[in-house]
Structure formats: C-alpha cells, structure tokens
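Both of the next two complexes hold chain A, though its partner changes from chain B to chain C.
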Partner chain A sequence: MFPCCYFPFYGEVRRISLENTFKNKTVRLNFRYTFLINKDRKIGLTFVKKTKSRGPYRIMMDLKKNWWKALAILILLYSIIGGLLIEVPRLAILNETIRALFFHVPMWFGMIFLLSVSVFYSIKYLSSNNLQHDVRAVEFANSGVVFGVLGILTGMVWAKFTWGDYWSNDPKQNGAAIGLLIYFAYFVLRNSLEDEQKKARISAVYNIFAFATLIPLLFILPRLTDSLHPGNGGNPGFNAYDLDNRLRLVFYPAVIGWTLMGVWFSSIRVRIRDLQNQMNETA
Partner chain B sequence: MKNLLLICFLFLSLNGFAQQSASSMINEESAPKVEMADQFREDGKIYVLVAIMVTIFLGVTVYTVSIDKKVSRLEKDLKN
Partner chain C sequence: MKLAFHATFAAEFFKMLLKEIQVLFKKEVLLEWRQRYALNGMLLYVGSTIFVCYLSFNLRGAQLNPITWNALFWIIMLFAAVNAVAKSFMQEREGRYLYYYSLVSPQAVILSKIVYNSVLMALLAAAGYGVYALVLGNPVQDQWLFITNIFLGALSFASTLTMVSSIASKAGNNSTLMAILSFPVMVPLLLMLIKVSKNAIDGLDRGISYNEILTLLAINVIVISVSLLLFPFLWRS
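And now, the complex of A and B:
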C-alpha cells in the first residue's frame, strides 16, 4: 500500500500516492506528509491535507502549454488600459468615440478569423469524413457568431452617438445583419437534421457558402454604395488618419488579443464536445 | 560656382518650405477645437473607468480559467 515512499528529511514535504482499484476504476489518492520530531523526541508524521501541489512549478508547467492564453490576457489588459488612456487624434463627430476602434473593430476581426478556421475544418471534414473536424467547425463558428453579435451591438451604440440612430439601415449595418442571419440559419440547419454524417456534410457545405457570402456583404458591398461607416463609401478608413501610428499601437494588439480569446473559448467548447462524444462511446 | 550657390540656396529654401508646412500642420490641428473629454481626464475620473473595466475583464478571465481547469480535470478523469 505504500509504493515509492521514503522518509524525508526533517520538515521536508513529501508525497505518497496510493493506488487502489475500486469498482473497476483506479482511484489515486495523493497525500503530502512531513516528517517532524516533537518536543519530547517522538517522531511524527503530519499529513498535509492539500492533495495537489499548486506551487510556481505547476503554474510554469501550465504556462508551457497554455502560454498563448496568458498572452491573450496580458495583451487585452494592455489594450483596455491603453485604449482608454492614450492620446488619440482629435476628429470632429468622432470625438472620443474613436476609441471604439480598440474594442468594436477587434470583434469583427476576431469573428472573421474564427469563421475562417470554421470553414477550414468544414473543408477538412468533407475530405476526411471525420466527425471531430465537424465538431471543430461548429464550435469555431459558434464563438465567431458570438463575436459578430457583440460587434453589431457595440456598433449600434456607437452609431446612436455618431449617426444619430441605433439603426439607420446603413449598408454596413444591413450587410452585417444579413451575414449573421445566414450564420443563424447554419445552426438551425444543423439542429434540424438527425443523421450525424448527413448533418455534418450538409452543414459543412452550407458553412463554406455562408462564409463566401459574408465576405462581400461586409467588405465589398458597403464600399460600393454610400455607407457612413469609416472606411466605406468614400469615407476614409482609420488608416488615413493615424499617420502618427498612435492608434495602431493599441489596435493591432487588441485584434490579436481578442482573436486568441476567441480561439480559447472555441477550444474549451471543442474539448467539452470531445468529452461528451467519448462518454457516449463508452456508455 | 554659380550653380553650386544656386543649389545651396535651393536647399535652404527647401528647408524653409518644410518649416512652413510643419508649422501650418500644427496650426491646422489645433485651430478647430474638437471637444474631447479633457476635463474628465484632468479630474482623474478616467482611472475609475479603467479600474472598472480591468476588474470586469479580470473577473471574466478568472472565470474562464476556472472552466478551462475543470475541463482539463474531466479529461484527466476520463483518461484514467
């Protein structure tokens, strides 16, 4: 019962792990104990209740694998603090709302990235028929759409104070709304099909077409007509203003940070789905 | 010699142009008073906002990390 257990030096913390098979499942108990000599020269073992070590070593090991999550958090902290505090160009109408560039625009960049990953996995599914690829395609599309909804909501708040109304049927707004509705239909379509392979195949094809429609809706059509949105319909994009590079200093990190955050959310959902599938297989 | 002098003067005048355009740019920037939250910043109230946003962001992040850890634990349990 005491495998690999040896006595530590005085006061040093050691670990024992006890393994036992219980109802066909291996139960592992981890104990930490210290070796002490009392006042009256008696040897005593003190068990430390905590079964997991949470020292800096463990955090370092976590960071080795998850460094990009820590990077995302740090970058986003920087973008929030910097986005509120740095000097920005003084422009009429926009005034302080130019700072929406650091919060609203990264939502769309993140969405485009997540949806492209989703399309990538859809194509992979079609060539491999591996349902794991389908799971990845759905979950990346899922968090991409969450970003899109946040983008459209923040855009509406901004539009209220610069264009005078939450919704003014601007081509950019309408394009974004149609694009999101196409993606909502993607989820409806998935849920309406029973057979797993059929569901995966049809929705993969739909996903590719949805993405191919979204790009012109967001980036081409608003530029062909009169959109009030910065960067469209003859309105200069932010790049024309920021010759000083002050905006870019926060904007690019914010885009990277939110994209990484989106990948993180998707990866958690993918892992949960994989666990569910594993449990269904064993059950 | 004449040409050299001419070139020298031309360079001097170029410099003058540069000076002029730079100063006019500064005037252009400061001339139209665009209303910004300058008073708000001077009062230091912007730091309240920064603190609130950082707190909310950190809270959401800690929550996400805890979900991530929970999933990792489930993965480990299912493997054993």
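And now, the complex of A and C:
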C-alpha cells in the first residue's frame, strides 16, 4: 500500500508522516510504524501505534520514564570533569595517577554488578524457562565483559606508571584476566550449541557455576597473597585516603554513573535482541 | 508432629541417596573394570607425558629447580585430570541416562561420578607422583603434607571437572570446549594446590599451609554444592 512498506530494513522503527489531500486540505498524520520484514522482504508483522507529536510534553514523558539515563549522563559528566580537575592529595609514587580511582575502579564495580545481574537472570531462566531471561543474562554478561576489558586496560596503564610494567604478576590483575577468560568461555559455549532452549539452559548452568568459582578468585585469593595493589599487604588502599573526603565526592558518583551506563548499554542490547526474536518468530 | 515427619522423610531420603550413590559407584567401577580403558589409558598418558618432559629437559643427574618441578607436576596433573574426567559422561549413551533418570535422583548420579572420579584421580596422581619422583628427582621435604595435598588435589580436580564435563557432554563432547570451560574455573584451586605443595617442598611448618588447605576445602564445598543444585537442570535436557 505504502511504498515505505518495501524498505529493505529489518526491524526498522521509523516515524513517518503521511500527507493526504482531503477535500482540498492537507491533513498531516503522524504514525509510528514498526516494520518487521523478513528475508523474503515480505511484511511479517506490522505494528501500528499512534503517538502524540513530539513536543515539550513528549520530552517530559520520556524523562519521566527514563530519568535514570539523564541522571547517568549528568553524573558521568560531573565525575569526568571533577575527576580531572579536583585537587588530589600528593602521595609518593602515586602522584597524579591517583585519579585512576575515578576511572579504573568504577569499571570493576560496574563489571561485578552487571555480572551479578547476569547470574540473577540465569537463575530466573532456570526456574522459569523463559527465553527473555536468557537474553537478559547474555546481554548483561556482554556489557560486564566490556567493563572488565576496560578495567584491565585502565589498570594496565596505571600499573605502567606506578609499578613500571603493564603486567606485573599481580593477583588482582591475574584474577581479572581469568574472570574474563571464564566469560569468553561462556560465549564460546553458547556459540557451540544450536537449539535455543538447550543453549539457554546449559549456558545458564555454566554461568552460575563459573560465577560461584569467580567469587573466591576475585575476593578471597587476593587477600591471601601479597600484592602491590592498593588495599593489599600494607599498601595504602582506598581507606587510607579517608582524610580526604573530596575523593569520595567524585568516586561514589562515578561508580553509580558507570553502573547506570552499563545497565543502559545492556537494556539497548536486550531491546535489539527482543526485536530480532520477534522477527524470527513471525518469519 | 510435622517436624518429626519431615525429619524421618529427610532421613529416608539420605538413606536412599547413599544407597543410590553406592550402587552407581559400583556400576562405574564395574564398567571401568570390564573395559580397563580409562585407568590404563590414563596411566600410560601420565607416564609418557612425564617421560617426554624428562627427555625435553634433557637432565643428567642434575635436578630441576623446585619451582619448575612443582609447576610441571601440577600442569601434568591438570592435563591428565581434564582428559580422564572428560570421559566420565562419554562412556554411556544418551539413552541410558534417560533410563537412569527414571530410576535414581540426579544428585546421586553427580555425587557418584564425583566420588568415582576422585578415586580415579587419586590413583592417577599417586602413580604420577611415583613416576615423576623416580625420573625427575624428588626435592620434597615434607612427604606427608605433599601426599595429603595430592589427594586434596584429586578431590578438587574431580569435583570441578565432573560438573564441567557434564556441561561439555551436553554440548557435543568437544575436547576444546572441555579445556576452555574448565581451565579458568580450575585456576583458584590450582593456585592453592601449588602454594601448599611449594610449602611441602620447602619443608615449611605445617601451620603455614592450614589457611590454604581450608580455602581449598571451602572452594570444594562451594563447587560440590553448586553442582548438586545445578545438575538436575542439565540432566533434564
């Protein structure tokens, strides 16, 4: 009917306006169409939703629902600007690299939070057999791994300037690397299975199993061994900076901001995957 | 009244479970005894690996550095364990598991496999240690601690790898998959084992190793209980 129905986009969500000439008057109609077109370019599902026109009201409604995304951006802007500009205590060796606290440490907090959410959804999948929970588990693990890689890279840069080497056999560095290996193995395991339900169940089992062994790796072992990492074996940790509360003033918002950012990443990925799944079902 | 009922029910359940584990364990041993494939094959595997290592180091009378000796021993054990335990879910066909499913509880299956694998690993590790010490020399000063550590290692390898091998067997028994799934999971255990055995080699006071041994046992408790919880879900597919 409309030429736009034949756009070769898969799962494209687009806003179009139609102009109809109706009794010599131009009437403008605003629609939001969701086209789900399968590979044969036939329309699988046409989901028509009438929406209000964009305006201040619409923006307010968006904010009401997605206030946390705006919060994430504001907090991150604050923590990046503040993290680079505030005055930090002068400590030997550390010097200005103490600012890594605002950029490196939040990555780990974000990673652990996202991976915990992933395990939570794996448990939910096992108890419900709902594939949507599996999608959430994978996507949260995905963004958790992105945070883990960023954490390792930022940590390596920091280690180069304070310890003299990118990799210096530190238990925390090794633990982090092994944690990443576990999740890479998780993705390989997923790719090796064909059947959706089987893939979801087996990878959920591995996710929970691996997380249970990751906990001692990340939290118990580094405390048993000597490490140069701040917070270990007599090296000044975060608590040693207590004298200076300005660090906390930027550090805590940075943790919250990056965690929210991770949740945002994952939610976008989850939406894409849900749409793809819908498309496959209708195709 | 209700509590008493639950208590008797739980007691009955555990009695049943123990009995099932016994029967299944006997079945595993019998299967192994008839084929004599896993144990002999693995003994040969360990023996030839050790011999290859010996030849590669090209030692003549001189001993390896204790750190290298220790690391090499545990790496050989790790690979032997991965290969030995990977077989535990390959021997029998899918259909037979369906049959067991109608007879016994899944917990009994995984526990009997863990027990069987730890016995197998203990045999392998003990034999491996003998050959290794014979060929590459024996710098260990505290023998009893080292041997205890080997048995602890056998238990830890078996408990972790049994669960991983059941996962890998569901994904088509791919040996690459077995290795990549198990190695990262094994690392915390391996680190503890290597540390304790280094203490045993140096003949340090045993009190120093208690912390590591306790951690090792705690990780084993976590792994076995998580396996017990998760195996029923794997089993169903």
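One rule holds in what follows: the second predicted complex is superposed on the first by the 230 of 283 C-alpha atoms of A that agree within 3 Å, B and C clash if a C-alpha of one lies under 4 Å from a C-alpha of the other, contacts with A are read in each partner's own complex, and residues count from 1 in each chain.
As a working rule, contacts are C-beta pairs under 8 Å (C-beta built on N, C-alpha and C of every residue); 3 or more make two chains touch, one makes a residue touch a chain.
Source: prediction; values computed, not measured.
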### Task
Mind working out whether A:R246 is in touch with chain B, chain C, both or neither, as first, second, both or neither?
neither
### Query
Touching A:R90 in the superposition: chain B (first), chain C (second), both, neither?
first
### Query
Can A:I80 be said to touch chain B (first), chain C (second), both, or neither?
first
### Task
Identify the partner contact of A:K124: answer first if only chain B is touched, second if only chain C is, both if each is, neither if none is.
neither
### Message
I'd like to know which partner A:A212 touches here: chain B for first, chain C for second, both or neither.
### Response
second
### Query
Thinking of the overlay built on chain A, is A:I220 touched by chain B (first), by chain C (second), by both, or by neither?
second
### Message
Taking the superposition on A as described, I'd like to know which of chain B and chain C A:L275 touches: first, second, both or neither.
### Response
first
### Query
Where on chain A do chain B and chain C both make contact?
none
#### Entry: Residue ranges of chain A touching chain B (in the complex, touch as defined)
25-26, 28, 66, 69, 73, 76-77, 80-81, 84-85, 90-92, 95-96, 264-265, 268, 271-272, 275, 278-279
### Of chain C, residues touching chain A in the complex
160, 163-164, 167, 170-172, 174, 177, 180-181, 183-185, 187-188, 191-192, 211-212, 215, 218-219, 222-223, 226-227, 230, 233-234, 236-237
### Touch list for chain A against partner chain C, complex
126, 178-179, 181-182, 184-185, 188-189, 192-193, 197-198, 201-202, 204-206, 208-210, 212-213, 215-217, 220-221, 224
### Query
How about chain B: which of its residues touch chain A in the complex?
29, 32, 34-37, 46, 49-50, 53-54, 57-58, 61, 64-65, 67-68, 71, 74-75, 78, 80
